[in-house]
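For clarity, chains are labelled A, B, C and D in written order, and residue numbers in each chain start from 1.
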Amino acid sequence: MPYKLFDADKEIPEREKHVYKKHCSDPDGEMPHCNTKTVPGSMTERGCAFAGAKGVITGALKDVLHVVHSPVGCTTYSAGTKRYPTSPDLPDGTKFPIENFNLKYVCGTDIQESDVVFGGMKRLKRSIIEASKEFPEANAIYTYATCTTGLIGDDMDAVAKELTEELGKDVVAFNAPGFAGPSQSKGHHIANHTIFDRLVGTKEPPNTTPYDVGLIGEYNIDGDLWVLESYFKEMGIRILSRFSGDSTHDELCWMHRPKLNLVRCQRSATYIADLIKDKYDVPYIKVDFFSTEYCAENLRTIGKYFGLEKEAEKVIADRMAKVGPELEFYKKKLQGKKVYIFSGGPKSWHLAIPLENELGMDVTAVASQFEHEDGYVKMKKRVDEGVLIVDDPNSLEFEEMIEEDKPDLILAGIKEKYLAHKLGVPSIMIHSYENGPYIGFEGFLNLAKDMYANIYNPVWNLVEFEENPAGEEESKIESGSIEKEDNQVEVAK
Amino acid sequence: MSGINVIKRERNVIINPLKTCQPLGAMFAVMGVHHGFPLVHGSQGCSTFVRYNFARHFREPAEIAVSSLHEDAAVFGGRKNISSGIKNLAVRFKPDLIGAITTCSSEIIGDDVFGFVDTTKKELKTMSEDNKGLDKIEVIPIATPSFVGNHFTGYDVGVKALVDNLAEPGEPTEKVNIIPGIVNPGDIREIKHILELMGIEGTMLTDTSDPFDSPLRPSVTPTRPYFPKGGTTVDEIRDSANSQGTIAMCKYAGSAATSLEKQHNVPAIIETPPIGLQNTDQFLRNLKKLTDCNIPDSILDERGMLVDLIADNASRYLFDKKVAIFGDPDITTGLARFVGEIGMEPTMVCTGANSNSFPEDMEKISKETGTDIDVLFEQDMRSFEVYIKENPVDLMIGTSDGRLLSLDQGIPLIRAGFPVYDRIGYHRHPIVGYNGAMRLMELITNAVLERYYDPTHWKLQQ
Amino acid sequence: MSGINVIKRERNVIINPLKTCQPLGAMFAVMGVHHGFPLVHGSQGCSTFVRYNFARHFREPAEIAVSSLHEDAAVFGGRKNISSGIKNLAVRFKPDLIGAITTCSSEIIGDDVFGFVDTTKKELKTMSEDNKGLDKIEVIPIATPSFVGNHFTGYDVGVKALVDNLAEPGEPTEKVNIIPGIVNPGDIREIKHILELMGIEGTMLTDTSDPFDSPLRPSVTPTRPYFPKGGTTVDEIRDSANSQGTIAMCKYAGSAATSLEKQHNVPAIIETPPIGLQNTDQFLRNLKKLTDCNIPDSILDERGMLVDLIADNASRYLFDKKVAIFGDPDITTGLARFVGEIGMEPTMVCTGANSNSFPEDMEKISKETGTDIDVLFEQDMRSFEVYIKENPVDLMIGTSDGRLLSLDQGIPLIRAGFPVYDRIGYHRHPIVGYNGAMRLMELITNAVLERYYDPTHWKLQQ
Amino acid sequence: MPYKLFDADKEIPEREKHVYKKHCSDPDGEMPHCNTKTVPGSMTERGCAFAGAKGVITGALKDVLHVVHSPVGCTTYSAGTKRYPTSPDLPDGTKFPIENFNLKYVCGTDIQESDVVFGGMKRLKRSIIEASKEFPEANAIYTYATCTTGLIGDDMDAVAKELTEELGKDVVAFNAPGFAGPSQSKGHHIANHTIFDRLVGTKEPPNTTPYDVGLIGEYNIDGDLWVLESYFKEMGIRILSRFSGDSTHDELCWMHRPKLNLVRCQRSATYIADLIKDKYDVPYIKVDFFSTEYCAENLRTIGKYFGLEKEAEKVIADRMAKVGPELEFYKKKLQGKKVYIFSGGPKSWHLAIPLENELGMDVTAVASQFEHEDGYVKMKKRVDEGVLIVDDPNSLEFEEMIEEDKPDLILAGIKEKYLAHKLGVPSIMIHSYENGPYIGFEGFLNLAKDMYANIYNPVWNLVEFEENPAGEEESKIESGSIEKEDNQVEVAK
């Protein structure tokens, strides 16, 4: 039986088909059921569609003002919750006047009971106009439906259209209320389509080059995008459009102009790549920059596409010289450690092989909050026999897995992290990272270091008071810094 | 004469809110029940965002269930969601209590949550024939539409719902009920410490201290399901009807106290939290009033330690410094008074809620401290920021949401209130009681020393 | 393999000493006796400088008398000074105990202080016929020439003198003696808290907690003379001969424990202070060993809170950061081990004393933490400074005497030890025990967050 | 009976003659006995001669290295204990390379038992040479006898002489061991003579002007000297030699070159002014810059001396315009408040009249640790009938005075401060100040503000828990800032 019903799930047997234990001999189609509604009250880790749209996709833009059409909560919760920094640089060479604008401000309509009764469109309109006055710097205004405004049926597109003319800048409505779809994934989908429908093709870039790419589905979490950008720059490749980390409103409007689109997060952003390809004939490739091997492989692919093979090799060689020896150290330390990858989606398949091959770890379970079938195909392909693949895991399942399998480390979100700790298992945040970036060569080293620091945190050997400790055998931690070994400290006289 | 200048938000748009919606408060209240489980009847974001916020502030697990409302519920109603949510929670987690908390969506689609809960409870009773104990699980419906009130009123509604549903008359006890407000584990522990010194048994309505700050001890931690230590037991809440009195140490979330008074003749005192010297004095007097206990020397010694700390340092380092305070209405009221007690000037106090007597209280503090106070009322962090840029202060006190402004303007931020996520340990320490005031005094003074005295470091030689 | 590199002071000149002379330690010990009065037999500077140092660290009065030696005493001896000093103190202050503490000058001029004290005690006896109670005053001679040892050995000599002169056999008790070392009131209170949780009655030899941190309450404060609250009573010291055991939580000042063992068969345990997780574990095991008590759940919960705090934050924020530690040998030993427990690297530890087993202990910590440690042994703050400028670290832990270096180099200084005079409140809080480790963990992490994470502030969003 | 025997002193009746209660009809000669040895065990606040020399006089110099010949304690205790900052400016226009050198470093010989037996001169010599190597920047090295080295009889002058030649820079020995004289005053005296004997007249300034003064006995506590210097500068007067706040070794060497010496602290520094006058004919005047009236009066005197009357008036008028209105506010608030002045010496007579006249306070007791007769003459002159004048007060007397008289404020040192607080009386530090400088016009305002802040610290009305507080009557504190009243804060919309 490839599917597994957890003890904890015996009262909700519908969970069985979401938990798949890999068997090599299974037909391809056997994999976790996914992208379906969560069982109420089951302690899912999932979020809502609004979070998927604003929290993931659009919130990363550096020059856009957001007006959430909601009772105050949705606005409050979307205030800078993601860790995507921005630089002030604009495509025309000027600087956006407010640093980290996207982390600093979020606007909302603060819907009251009367609006629920009489409709909130007036309030929305007034709020957008006021917000625009408050931040004239913003190059566009995006506004969001939420459960309340979705249910009362405010026609946000109409307001957006009217105000686009009135304010002389794009006002775009995103109709992804919280209840839409089974998870935040629906919000990604809606945001992709909205951006494509409303924006792509509406502007032209100041100039183009034969080496322009679009980087799609990279949100610059903890600076990930900047790592990739440095590789591309060294290779002679320009990112013409970012979707949407450290990006600008205008870049979205000319997403039809790159020579090639690179799809980094294939769950949240393949939609728009497809749409652009279909309408504008811009080809795309799905890329994977997690770990040194994938990163090298994908840089080579891109290099080949642009005839920049040598440049790609140079980037790879440079970086490997820097990170290789330290990674060796960590591999030695991480060898055989059991690890779970509980990601939102793609990281569960991005990281499975690298953690095994490059760091010698033993991935014994992967899970995802909102993956679709294509993602689980890859996950299944990339994990070993016997590994659990869990769709939309809930906290009792999480506890059961820990008790049964006793992993050494769990990569998960902040909601799981502290629960894992209470059960005695280290956990690091894989959605937004501990000390990122985690992408690329340096990023993979950061990930290795964070995993090492967590597994070898001396406290894990001291969790329980010992009445009779066993002699001198106590926790040891070694520095992962290679530098240090060569560099004996000087003596002060 | 000193006075206040009330500055309300004039724009409609809210920018960086200083409040959130009701359900969070209700969830917080339910988290303080021993083996209590909040079940939010709404979209998944309604639980996930709140769990995220609790997790980053307390650095603890925050188990909150959700009924996962979707499009179909908008059409057919959410009965199935809430009902199966309750049942699933009940059979899989066997909690002592489930708080069924409404949201904007469940209210708009018109779900009769009270009715649904009743029906579900009956079903649980039937199910308990095969599955023992399910009928013992309390299920409390809590109506907290997000488009009414704010997190503070949600907390108020939550505590009141618990008490109204559970409190039952019995033998009178010597206990005192305390409604802590949305405060930290450290605050509740300080209140318990005071009660212990006073020899009073207290019932926290509710007690979030251990649930939000529990030891890491796998060997004794219950799993499958994991429940944190502590919380007020359902029986204790039942017994709250028989206490000598109730003190709501939150002026704006005391309706459970009123309810206990009306329904069970438990005298109610609803007041600003005991932040600072005079407010803590008042808290002690209130305890004495309700219980006729003595104020023991041990607590007066703690008071004396605070007095000593202020006498030795306040006029030397803090006098005349201007302070801007932002956050929840209760905490900011207490902080403003304390800041005056140590000779600083609370020149601006900003809150996001519309708690009605807030301006009056500021008026009193203005008179008492001799400071003109600009009261930013029903405001947001954007207004706070604009004000500060035009009217610089020496110090800000408030949540971590002021951190970027603090960095930009070079004005130290003393972290207090909820949420504090960019420093560690704040939830462990009180700001209430004499010990809380000592902590505040230390935080404030050390921030002033670092920012304003380190540059003339010789002044710190002695 | 990790190991240590011992770097001793090679120059003769001492520049910004990391130690002071013996009398300070003896005065500290006597200050911990209830109504105890140090009387320094030396020049006025010998009392004034120490009072100044106590006052600026504790922000409390520090009443220390002096025999005011002058030129004439150099010629004729100081008998008159010490004798009239004792008598004046006795009649005007009526203390329970006077510690007659020698200095460099009294030792060089060859005063037989032990003899003088004996004679004076007889005079007091005679005087007590008219002035009741003078004969009850204990006068303890304490020989602490300034040119021998350091403040730590002075403390050792002081505690030993008290015990040797006072301890007397009687009925065995269930008590445990604790020799705290030169620590803060907060430390002693944490030890008392641990003992209370363990159900053990303790005798502090001596108890400086209340004397150096007492409430401001004029209504109940004794005046003419003023004495602070607290301190170990003379009777308690007498009874120390009958305890179940003694723990010196200071490896380098435990000779009173040895003395009690030799003379009164009170088992002695002399160990590094309980700073950090493992040292506190060891302290509990030692208590258990001496008393056969149980380790209660309440204290294991406190331990679990510490474990939780470290698990949640250490590897995320602190891993791999290099720390330099300076100060007294006992405290630095404890700190170095703790720093390793939270995944930081104690790359350098500096102490001014020549406590003999210090390098060995550093060797052990080096092995345990896997860190190469440069051990600056018998060093001074100048060596520390020169080292830091050549070998930058991420963080320094030590006294306020590192403050200018911290400002110059932009390296955060976590204040610990004696003296801390440029921030407030440090004396109130423990660094020992699980609670002390939690405080250290918070101080360290928050300093790291401010200095190293605020610049990339988005990392602190959750 | 003009003398008072405190109850607390009935066992040490010799104290009676040190406590004088002013009667106008008393003969001039009746005043406290002073500058005599303290009764052992009486809880004096006095320090030692070493503290008087190094701590007060020489420690303020910016470019001198100090080597204390002592067991470690004296060295430790003299490490930067005074609050006298220095600027890096040197007389030749260059900058001293180490900022606040005087606050940062102190050296010592760390005398061990063997030195006591065999003599410490070798150790001293070696230490000075090492110190000189460690800080080649230092322009001179001063070395200090202490009790130990005084008693064992090390010939420090010989070492100093030898090393002056060997090192090529002045090495000066100060023979003021702790036991010398009844108080730190002896150390001032010895330091004055040593500096005069060894240094004054040994160098010439780079240039002189007709407007050169020497400022003697001003130690720049919390920046006092910088306040005075700004006045002089504006008047066109140059300070050629400072003794010794913010001063340099060289300035001491040319103390014979000013046109006029101004003696600020008349207790610690009149010695050297006299010596210079006698040997080099440089006249001096005793000056007093505490309070606006004395400061104005003395600036006028100096202005007149140099023919700079108009310039003096301008300084006075400028400053009074700034501080006058605020002082009025404080006068209103401090009116009638009973205050004690427990200073080291002169501040007890400097401040007595200003606190009364300019701030309306009621000085009911003055005391001094180490004044001599000339100082008490002035004290007696400047206080009202019935005021207690106490020489070398001890802590029991202090308590008795507080209990009997219940003052509103005590100006004293850090040792008395916390004791006063415990007895319920505010106290501010008058030796080294709370928020100084306290000299001159601005300084007097600082003092007034600190006194106000302390007396009106709201906590003094809340000292005891009240079971039944009297209605709304609670502590009030108003801002002393005048600015604020004119400057209504703007309202944020």
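One rule holds for everything that comes next: a contact is a pair of C-beta atoms (placed from the backbone, for glycine too) under 8 Å apart; a residue touches a chain by one contact, two chains touch by 3 or more.
Because the structure is a prediction, the values reported are computed rather than measured.
Novice: Along the shortest chain of touching chains, how many steps lie between chain A and chain D?
Specialist: 2
Novice: Which chains are shared contacts of chain C and chain D?
Specialist: Touching chain C and chain D alike, sorted by label: B.
Novice: Count the touching C-beta pairs: is A-B or A-C ahead?
Specialist: Between the two chain pairs, A-B has more contacting C-beta pairs.
Novice: How many angstrom lie between the centres of chain A and chain B, each centre taken as the mean Cα position?
Specialist: So the centre of chain A lies 32 Å away from the centre of chain B.
Novice: Find the geometric centre of each of chain B and chain D from their Cα atoms only, then give the gap between the two centres in Å, rounded to an integer.
Specialist: The mean C-alpha positions of chain B and chain D differ by 52 Å.
Novice: How many angstrom lie between the CA centroids of chain B and chain C, rounded to a whole number?
Specialist: 40
Novice: Which residues does chain B have that touch at least 2 chains other than itself?
Specialist: Within chain B, residues 52, 55-56, 59, 214, 216-217, 300, 303, 307-308, 311-312, 404, 457, 461-462 contact more than one other chain.
Novice: In chain D, what residues contact two or more other chains?
Specialist: In chain D, 81, 100, 103, 414, 417-418, 421-422, 463 touch at least two other chains.
Novice: Touch graph of the chains shown: is it line, ring, star, complete or other?
Specialist: Basically it's none of the tidy shapes, so other.
Novice: Taking the complex as given, what residues does chain C use to touch chain D?
Specialist: 11-17, 19-21, 23-24, 39, 42-46, 48-53, 55-56, 59-63, 65-71, 73-74, 80-82, 84-89, 91-93, 103-105, 108-109, 145-148, 150, 214, 216-219, 221, 223-226, 228, 382, 401, 404
Novice: Using the touch definition from the top, list the residues of chain A that touch chain B in their complex.
Specialist: Interface residues on the chain A side: 7-9, 11-12, 37-51, 67, 70-77, 79, 81, 100, 103-113, 115-116, 123, 126-128, 130-131, 134, 146-148, 150-152, 177-183, 395-396, 399-400, 403, 414-415, 417-419, 421-424, 463-464.
Novice: Tell me, which parts of chain C touch chain A in their complex?
Specialist: Within the complex, chain C touches chain A at residues 2, 5, 7, 10-11, 277-278, 281, 284-285, 288, 295, 300, 303, 307-308, 310-312, 314-316, 319-320, 340-343, 345, 347, 367-372, 374, 376, 383, 386-387, 390-391, 456-459, 461-462.
Novice: Enumerate the contact residues on chain A facing chain C in the complex.
Specialist: 80-85, 100, 103, 222, 414, 417-418, 421-422, 426, 428-429, 432, 434-436, 449-450, 453-454, 456-460, 462-463, 465-467, 469, 474-481, 484, 489-493
Novice: Enumerate the contact residues on chain C facing chain B in the complex.
Specialist: For this pair, the touching residues of chain C are 52, 55-56, 59, 213-217, 220, 229, 297, 300-305, 307-309, 311-313, 400, 403-404, 407, 421-425, 428, 438, 441-442, 445-446, 449-450, 453-454, 457, 460-462.
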